[in-house]
Amino acid sequence: MAENIIFYGSSIALAAIGLLIALTRRNLIKIIIGLDLMETGVNMFLISIGYRRGGTAPIFDIPLSKAVDPVPQALVLTAIVIGVAVTALALTFAVRIHEKYGTLDISKLREMKW
Amino acid sequence: MVSPILAIVIPLAIAFLMPFFSALSRKSVKWVFLAVIAFNFYAAIMTFLRVLSGPILVVTAGIKPPFAINLLIGPLGGLLFLLFEGVAFLYAIFLLKAEIKEPVHRFFMLFLLNVAGATGMILTGDLFNLFVFLEITGISAYGLVGFKRDKKGLEGGVKYLILGSVGSTLFLLGVALLYSQVGTLNMADIAGRIWMLKKPTLYAAFIMFLVGLGVEAELFPMNAWVPDAYEGAHDTVTAILSTVLSKAGLYALIRVVFTVLSPQKAFLDLLLWAGLITLLLAELSALRQKNVKRMIAYSSVGQMGLVVFAFGMGSLFALQAALFQAVNHVLSKGVLFLSLAIMGKKREGLELENLRGIGRELPVTGLLFSIGALSLLGLPFLSGFWSKISLLLSTADLKLWVPLGLVLLASIIEAFYYLRTIGVFYTGTDFRFRETAFIRLLPVLVLVFVILYLGFRPGVLAPYLKGAAKELVDRSGYIGWVIGGLKP
Amino acid sequence: MVILEFFLVLIGITALGLLYGGIARKWSARIQRRYGPPFYQNFLDVFKLLGKKNTKSHGVMFALGPVIAFTGIILSLFFLPLGNSRPLLSFEGDIFVLFYLLVIAPLGMALGAGEAANPNATIGIARGLTLMLGYELIFFLSAIAVMVKFNTASLWKIVEIQGTFPKWNLFPFFLSAFAGLIALQGMMGEKPFDLIVAPHEIASGPMVEYNGKYLGLLQLYHAIAIVVETGLFVNVFLGGGSILTFILKTFFVFMLAVTIDNIMPRFRIGQAVKFYWKYPLIISLLGILVVFIWR
Amino acid sequence: MTFWVIASYFLGGIVAYVLARPSRKIGAFVALLFSIYPLYALIPALDGGFYLRFTVIPYYLHLSFRLTLLGWFFALIAATLYSLSLFSAYSEKRDSFFLLSSMFSAGGLMGVFLAADYLTLFIFFEIMAFFSAFTFIREHRRSALKYIIYSLVGSYAFLAALLVINRSTGSLEITPLSGFGGSVPAVMSLFILAFWVKSAVMPFHPWAPSAYADSPHSYTPFFSGALSKSGVYGLVLAFFYIFAGFFKSHHAFGYIFAWIGALTALFAGIYALLQDDAKKLLAYSSISQLGYVAFGLGLGTSLSITGSLFVALGHAVFESLLFFVIAAVYIRTGTTMLTEMGGLIKKMPISFIALLFGIIAAAGIPPTVGFPGKWMLYEAVLEKGYPLLAGAIFAASITAFLYCYRLIYSIFLGPLKKEFRDVREAPFPALVPLLLLLIPLLFFGLFPGYVVDVTDSILREFGYLGVPHTPAKLLSGLGTFNGLAVGITMGAAFVIAFLVHAVFSRSRKVSELNNYTAGEVAEGVSMHYVADFYKFIERELHGFLKLRVEALFNWIAEGIGGLGEVLRRVYAGDIQAYLVYLILFLGFLFTLYRGVLRW
């Protein structure tokens, strides 16, 4: 497992960067990008869990010990699809918000508070 | 005999066929929608009845768990299943006459997705599957909140979306953490191998789950989206968010903490205090709130806090009380939001001053709203009283005197603002009687009937609550159902 | 026989009261270096008033007021032991009963006076009631010192226990007695506490509208009230004795009050109440303290 | 039977509600029928209490009822007053919802008196509080909310006590607590808070004046006369039954409570003087009377407890009589402000007579029902040798004379206002309670012994000795009081006085304005001395009057509201702020578990 630490670290870092973007940028599009990055980071993390040094693709005709863990890969495929859906919806929101508010500045969206 | 899996599959399938139905006949959409929800309700009833004799295991792809995704419906799942589908069915009836912004079929599509997702969340026995359903529920809910496409709706939707997706990402991270050590995603399987987990991983996973699911379960401080989204959303959407969605999130959290991760004292204490702080903060925020819908939204948050607090106590009795409180919350909040929706049609804006005298104008709706509110704040012989009293009894059993005092304080605050609202509803005399259509009142009437019925016979619920609470406490039993010899 | 005795007491005390009043008028006149009316003037006044043909009434309650006042004072009289020779009804009610019975008479007068729409009357009543907050409390506190010491609330027993001259309560309870005397001054409406009547300000207050036989009845009431009020003080502080000594003692207490009346100016109502809540209150509390130390 | 005593009100409430929608008369009549049944069932039930336990709720909780003598005593008072209040309500043309809520509150009250376990007590206490507030929440939201919040604070404190007791003893049945595990003073304080609030003993009284003033005029007699008795009931139960062991062994507690009661009686009396609203005046008077009750309970001798119960009964009779008169006057004049009335004696003589007897009783003058209780309290405090306490309650009773006179003078005496020239006597149904209440008012004053018979049996249940008495005469170690003797003598004296009055020449009746005011009364000049009646007292006491405990409670309430106002800024509306909370919470959790999370 220890050999994967670099993968773990980088994927978590990527997620953190994404979160940081979502926190600091005011533009809705950028926030969406940040969220995407975060998701990608977590997906990378999932992949790296299943990674084995020197492993090959998990196809049935090779011994199982040689293959990487197939489950995370399946999960990530699903997660990516979901991510796409979220991003698409978010972008729709962005478009609509731009129509209504004339801006994408998220700090302007404070009609409702307290 | 209906397989519970159909309650997920059919709404999902029909949801994507909605444009097709719409093209066929625009009017047919809402009837198709109603039919699907009615089917779900039917499935829920059948499942609930079957669960009485023993839990149901549904295996997909013909492979035995833990190697394939399975559904497992125990007493807890059966109870929530029935509750969700029942409430959704009532909402569907309510929606028959509601004004919905075009395109209507998309609204119903999202609604179906939402119901399917929430159903999936409570039925599934697989952690990643749970994530998928969480996302389905979430995405459809974001869409529903923003569906009005006015400023408030969009604002609420986008806030919900951003927090929600961060939350579910964190949840996924938690799932990944667990998987990295246990190598399985089946909840029962993980629960059986929880000893394999190193302590740091266990705690880290708990943190991720708490924060990730806390967004849906409306725990402070992840619940900030709630008032905004509730206020911005369509009335019925608010109702389903407050009743079904929040309970689904709560279910996920509780399931993960109690069954999957084993209820450590540290976790429970955290739940307890998080729930308590959520309760107090929400009630305090609601106190000076002028917008009634937002006020009820805060109250909803507070009630969720109360339920989480009760779960955090962790005793069998407390869990029963918590579940009972959750059931009552569903009933009351359904009544409140639906009757508020009816009132909203008669007046402009849901500010408190605008609703002056509405109870005289809509006497039945006003009465129903009042009963819902009174049940929530624990008037005896309404079901809310029994859940609150049993909750307090279990608090006292554990000698948690300080939390007990705080819960009572919160109850007083809650009583104040609800009674103020009711008082305003009945202020003034010169109002004409203009009651709304019966079909819109029917769902509220049914809910109030249940409240009253449970108020006089709370005992009918007791065995189910007990079974559900036992399911949560008895982890090995749950593992045994899935891994052991339970025949699918 | 008993009824006859009651009648005798009633008539006798009424006459006594009228006599006291007449003597007091004479006494006041002499202090003020006037000649003054004859000592039997009050009898003449009452007979003249009762016999008047042209009496005006303002309504039922106006007419009933003096009647109730007279009733009340007769009632109180019967519950007051006259020295330790005549218990009358004193065994049927103790000092607390008497305190409350004493209120009936002023209340009746106040009710009657209220029906006449004369603000002077009502102001007088308001003052009188306010003054009650002062003197009643003081008198009660000074009496309760005795009651606590003797462990009885029965006026008759108090009279009996203290016995005759040197064993008067006046000496051991001199603080309480002093406070009681100040209270008595207010109770009888003598200066400096004559705010209720205050002829120069509110035209004799509650009595302003009364005339003819009503005024006559009120005069009778006043006559008995003099004896009952002084008699209460005498019974509590000045020991027992025959009915004759009782009369003498009440006379001296009354003359003392009249003398003070003649040499005092009048308080404003606020001052009067405040006064009572200050020095007499402290004195009576000290009196109670003495009892507790003594025990 | 007990079940039906209670259920009759709830059933009747619903039936009356339904029937009153088409016809008010039928609704009120049906409500009356349903409210008379409990009376009918209760009166013969005097001999022998019983215990009834039936499980309405097939859950782990159940309701149980029993009829104790104490409960019977109060339940009878309450049932009577409620039936009477319906007459007045009928005249007032109250609507169906009023019937429903007032019936439910009466049922709740019955439940309180007949409950056999704490939970039942709590449940019915809540019902009573809520539904009594509902009778006026529509017209007077503020005071109703104030009332309900005070009640809830009390009843939740009671709930907490109930939970502690349940936790320690494992039973919810109302029994004396012996060998109790928890801290008795704390539990007892929590326990009595609800009843303290409900009986409006200071410092928990601020809800009462506004609630009494704003509740429907026909409901206030019941509200003040009977609902407040639930507080007295609870206090009696707490002091002499449940916590009797503690109470007997800790004299200081009783002494302090007696002082609280005495000061309540005094201060409330002073506040009552200064009110311009008749109902507020009576509200403070009611608080003052309950101060006497609390005082007697605090003293804790059999004489004082009897006195307290007697005052409670007396208060129920005369205070509700007074409120009924106000209701009757309000029906005709449309106001309860003292400054707006006057001279009504000529128009409403029956009401006047009722009010006259009412104030005589309220001032505690014998031979009315107001006196024997007070007399016993004086004797008791003297027996105990607490002269200062005696002085305090005596001062309180002087204030009673003051406000009583003001009440009757302002409404019925003085010049008649022009706008009331055509006022008639109140309608007959509104007079029914007045006339009926005069009977106990005089009867129990003349024959206090009949009440003491009952209180003696109650005291014996609690292990106290009775008070020696005959039907008319009460005896204490210190003195005697013979109600009948006072009554007969008074009658005789009245005959004498009246004869003196009657023998002499008849008087001529003139207008009340034809008086000694130096000539004509100018048009539009009021000769009614009503506003600032006791201005001098107000002037002398203004420093003291500024100290208001209500300000403290309001400050707390404002503080909680302000806290909410500040805290809800957390929901700032800014999504990035929300994200920051989430991150901070994550960070907090990681720091919380930093010890465990070391890889």
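Chains here go by letter, A, B, C and D, matching the order in which they are written, and residues are numbered from 1 within each.
Everything that follows uses one rule, which is that a contact is a pair of C-beta atoms (placed from the backbone, for glycine too) under 8 Å apart; a residue touches a chain by one contact, two chains touch by 3 or more.
Just so it is clear, the model here is predicted, and its values are computed rather than measured.
**Q** Going by the contact definition up top, give me the pair of chains with the most C-beta pairs touching.
**A** C-D
**Q** Taking each chain's centre as the mean of its Cα atoms, which chain lies farthest from chain C?
**A** Checked the centroid distances; the maximum from chain C is A.
**Q** Report the most central chain, judged by the distance from each chain's C-alpha mean to the global C-alpha mean.
**A** Measuring from the global C-alpha mean, the nearest chain centre belongs to D.
**Q** Starting from the mean Cα coordinates of chain C and chain D, work out the distance between those two points in Å.
**A** Roughly 36 Å, centre to centre.
**Q** Using mean CA coordinates as chain centres, what's the chain A-chain D distance in Å?
**A** Centre separation, chain A to chain D: 67 Å.
**Q** Express in whole angstrom the distance between the two chain centres, defined as the mean CA positions of chain B and chain D.
**A** 44
**Q** Based only on mean CA positions, could you tell me how far chain A sits from chain C in angstrom?
**A** Chain centroid spacing, chain A to chain C, equals 98 Å.
**Q** Please list all residues of chain D that touch 2 or more other chains.
**A** Answer for chain D, listing residues that touch two or more other chains: 568, 571-573, 575, 579.
**Q** At least two partner chains per residue is the criterion; list those residues in chain A.
**A** Where chain A meets two or more other chains at a single residue, that happens at 19, 22, 106, 109-114.
**Q** Have a look at which chains touch which and call the overall pattern line, ring, star, complete or other.
**A** other
**Q** Taking the touch rule as given, give the residues of chain C at its contact with chain D in the complex, in rising order.
**A** The contact residues of chain C facing chain D are 10, 50-63, 66-68, 70-72, 74-75, 78-79, 89, 91-97, 99-101, 103-104, 107, 110-111, 114-120, 122-123, 125-127, 129-130, 132-133, 136-137, 140-141, 144-145, 147-148, 151-154, 203, 208-209, 212-214, 216-217, 220, 269-270, 273-274, 277, 285, 288, 291.
**Q** Flag every residue of chain A that touches chain B in the complex, lowest number first.
**A** These residues of chain A touch chain B: 1, 15, 19, 22, 28, 31, 35, 38-39, 42, 45-46, 49, 69, 71-72, 75, 78-79, 82, 85-86, 89-90, 93-94, 96-97, 100-101, 106, 109-114.
**Q** Which of the residues in chain B end up touching chain A in this complex?
**A** So the residues of chain B in touch with chain A come to 128, 131-132, 135, 138-139, 142-143, 146, 149-152, 154-159, 161-162, 165-166, 169, 172-173, 176, 179-180, 183, 185, 227-228, 231-232, 285, 289, 294.
**Q** If we count contacts the way the header does, which residues on chain D are in touch with chain B in the complex?
**A** Residues of chain D touching chain B: 56-61, 119, 123-124, 126-127, 130, 133, 137-139, 141, 144-145, 148-149, 152-153, 156, 159-160, 163-164, 166-167, 560-561, 563-565, 567-568, 570-573, 575, 577-579, 581-582, 584-586, 589-590, 592-593, 596-599.
**Q** Quick one: in the complex, what on chain D touches chain A?
**A** 568-569, 571-576, 579-580, 583
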